[in-house]
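Quick one: this structure, given as structure tokens, is what I'll be asking you about.
In order of appearance the chains are A, B, C, D and E, and numbering begins at 1 in each one.
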């Protein structure tokens, strides 16, 4: 980002304005653009996509009346929620109740600071980028707990407590799963990590070694848990806790919860893309135009991130919810030991092959492809078994 | 075992407790004195030849003209696959009989239901509260002389038909 | 705590005393299957007790029977257990026929059994579907609902309604099978049976699902009989008893079907998973029964002529029907008039609800949901 | 709304109203609130056959986030008091669909001693859907009727906001 | 739970395998057609037209063939049908002055159409009747008082009424014909011997 602004100053767009004034102004402008021009549409589209994906899996059509194919569904939901009556329950702890959703939104918006959308588009390439994400995401736990507590509703309280326990626990496997990558690159900067990878799958850290492969999924599971996604949606378990920590929230404040939930889903995907899928890396040398290059990088990054978002949607549509004690045992008995194994394994790997094994990544890619083939064979099997299809009404 | 045999066996053990036995109806029944229902039921449940381990149904019938409430127990034995009906008549004014909850847990709610809807008090029941109707409901609706209240908590219970 | 009214407790005390939390689950709660209320006393996530508070759907069906007569009561029986109304229809028809000594034409009996078993498929589909939904999986629920819609379509062709059938009459059934019905039902069964396997692949043996259900709220056989658990809940304890087989009625003795029981395959015998699995297996058995009936069905009338003002002789009659939620007891007292003097319906959900308090002790709050779902409680059947 | 109310009555407010109504109608979140038989049809309406979500109507578990309450089934006297509480918990603007005969006017349970004959005795109803129970398409039609009603509302035009809220 | 390493790994393997299987099932649904009937506007055929003749939708009365026998009014357990059919003192004919059905109250049980001798009152496949008020949901079939239909001996000859009566009979034909079981059994035995 800084280089981008430097370039602008150098090109003389601002005339003679002092650089000290330009930097904060541009940063502010950029942040606003990110929030209103990028995050909000992103979230509404994500919500619509989720509902459509979900419907499709459930043999339904899904929202298709609001705008073409229902793409404006998220917009309608958002505007409607803002227009709803603002209810603060009598028994609620008013200041906390009002403040909690903002904290939650803040927690996920702040992560956008270090997410590199392309080689130039990053608000701040902090040298502690990953650490910053891990730290700032914990804010959402505070927000959820605060929301649960302030509502003065027992369901909310239970939801808040569950969420706090969940996020605090899963921070550890998430952190441990990040470490192999940090170990490999020797940097915490997100741009640094991406630059250490290449555009080809075998250059990605996902396929660097079996340990990073497992670490990627361990991180993904932990991230799902931290963002309260199924199968770890126990803080807002609809069938148990009504709506969990959000039970008493309505209107605009609830819309913020909504925003945060789907926003952080995208953040999860983005971090996965940065750490394990080579971020915005594309084959170099085919263009010299910075703008075109950046757009291509942005697209690639977007697709990679959305792969994980889609996976989360798909998982949500498939799996039931885990119980709260099982969630804990999954964390402490499975993911945390696995995290240590990965860490030590990666370290050993680095000692044996300091420059990385030349053969294993290819093998890993082939193995993954084989797994996909098996998977699609199963899909075909299910499709064949389900025939002949019988519709409710053949005429329609 | 046929109902007659069951009655015979019961008669041998608890002569005083049994008022009468009818073998003619569709479901032959033994009419028992309400006060001795527990000992009769205990015997029916415990005796290895009878082994009525299941209380399938328990209902109360309000006979307004005859001026008594009849409590009907339908018993079934999963062990021997036979059934018998036990009936006990209690007075309408102060309906009361001992609870068989200790013998069949299933009787717990069935008795509560009869208490709720017919007002039969089961002595010795651990938790005799209204089951279906709200706590503050007045009257026992399944009694034949029950009059529907005009309103409940400000909600009128009448509705004029729009067709009239 | 009072069970009577809606209380709003403001808990704002100083200090760090721990206390039991009283949770009001219901009457409006997403997973109480209608309007039930549980007063849950919980210590954190662990429940001390969960007292059911029922009666939110007490519609005085038994009292209404005293006002509408024997024929007029038939639509009301649909509403006793709306999820599987066919068996309720059958129960009422059978108890009246028994009280009044009416014989049903043979084809009528076949129509009844076909309708009942289709109804059982519909009911069990809803049961297993909502069970998964309560555990948190949305997709299997919609798949179950989708198949249920197809059964509803079939029943609609048969009797013109999707849910409240009012199909049976005292003395038979109101509609004969429509033309081409056999092919229609066979086509459905052909495509439905593989989908049961797909459902199992999708969710039944899913690790998360199994972990949620295994070893939760196991009921022993003795306990189940003492609490008068019936139907799949009783069979889930490994006790093979089915009214259709052991106290046969209608044409069931001529049919060949299995009575699936719980096997404790993933945990304790009689746990939630066993109760769930019994229902899944019964789906297949019902398909089998329907196929047999469609093959064996004779020609002839389906409805016997019955007096418009039916007046059974003075006395009482009791029948038991194997409804989807198990042995359903119908008891009718006649005083010789055209109105039943007293009707009593003993349903499977009623006794299933009464055991919840006992089973719930020491479980987690999430397990209560699984427990209620696995008992397959339907609110109006509890309250009537 | 007071600030917006001071805007003179103009075409633009009517247009704006239409946009606001459009968002409202396109996103009717209904409360998961099943009472009796109709609740099964309500479930099936959300299922693959009718798929109420096509119109943006998603189920919500809590009254705080719902715009619409579908009274699906018989309302007993014991439940009527709770229903009132639930209705009060919903934030404005809120709508009620009375689904099926029982909640319309007691239907076949008018003879009963424990049934509240008609939900309109407890809370105001916007749309009545006939049927016992209404099939999923009938409920969908009820929702469409409600959407029509929503589109006719005027929130920003002077005086009518208070009127509509009342 | 996991007492040994083997069991520990088995749990993990089970979880992976079953989730894999479940995901493959859901993936297969991406290529299957949705089952939704896009009522009301995006269907090729009106949903009403696809319902069976037996479907018990909103009641309808063909006044042309109503005999004014009041059987339906009596059969209804909840009095949602009201018929006024006074006898004209002069002509001795029955005059239908009112035939109201409250569709908001009706429970669609079919008891009324079952007893109708001519199929005049019958359920249609129509189900759309949602409205903003209960008053507007009352179906008033009699605009002006009409004479009740009198069944003729033999064929119906009136060209206006005949098709309606035929339709009514079609509805009636759906219902099962009750038989006298004693007579039926005797016939069966005779046929067998």
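Convention: contacts are C-beta pairs under 8 Å (C-beta built on N, C-alpha and C of every residue); 3 or more make two chains touch, one makes a residue touch a chain.
It should be emphasised that the depicted structure is a prediction, and the values quoted were computed from it without experimental measurement.
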{"item": "Each chain counted as touching chain C and chain D at once", "value": "A, B, E"}
{"item": "Smallest number of contact steps required from chain A to reach chain C", "value": "1"}
{"item": "Chain whose Cα centroid lies at the greatest distance from that of chain C", "value": "A"}
{"item": "B-E against D-E, pair bridged by the larger set of C-beta contacts", "value": "D-E"}
{"item": "Centre-most chain [mean C-alpha coordinates]", "value": "C"}
{"item": "Remotest chain, chain B as reference, centres from CA atoms", "value": "A"}
{"item": "Centre-to-centre distance between chain C and chain B (centres being mean Cα positions), rounded to whole Å", "value": "24"}
{"item": "Distance from the mean Cα position of chain E to that of chain A, given in whole angstrom", "value": "52"}
{"item": "Gap in Å, rounded to a whole number, between the CA centres of chain D and chain B", "value": "44"}
{"item": "Shared-contact residues (touching 2 or more other chains) in chain C", "value": "29-30, 55, 58, 60, 63, 68, 75-76, 139, 142, 146, 149, 164, 198, 201-203, 206, 208"}
{"item": "Contacts with 2+ other chains: residues of chain D", "value": "47-49, 51, 54, 61, 78, 81, 105-106, 108, 110-111, 113-114, 118, 132, 135"}
{"item": "Per-residue multi-chain contacts in chain A, two or more chains", "value": "55, 57-61, 238, 242, 317-319, 382, 386, 389, 392-393"}
{"item": "Chains that touch, pairwise", "value": "A-C, A-D, A-E, B-C, B-D, B-E, C-D, C-E, D-E"}
{"item": "Residue ranges of chain E touching chain C (in the complex, touch as defined)", "value": "11, 14-15, 18-19, 21-22, 24-26, 29, 35, 51-52, 54-56, 75, 77, 107-111, 114, 123, 174-181, 184"}
{"item": "In the complex, chain C residues that touch chain A", "value": "8, 10-12, 21-23, 29-31, 44-45, 132-139, 142-143, 146, 149-150, 153, 187-188, 190-191, 194-195, 197-198, 201-203, 206, 208-209, 211-212, 364-367, 369"}
{"item": "Residue numbers on chain D that touch chain E, as the complex places them", "value": "48-51, 54, 101, 104-108, 110-111, 118, 120, 126-132, 134-135, 137-138, 140-142, 144-145, 149"}
{"item": "Sites on chain E touched by chain B in the complex", "value": "79-80, 82, 100, 102, 105, 134-135, 138"}
{"item": "Contact footprint of chain D on chain A as seen in their complex", "value": "51, 55, 58-66, 70, 72-73, 75-77, 79-81, 83-87, 238, 242-243, 246-251, 254, 392"}
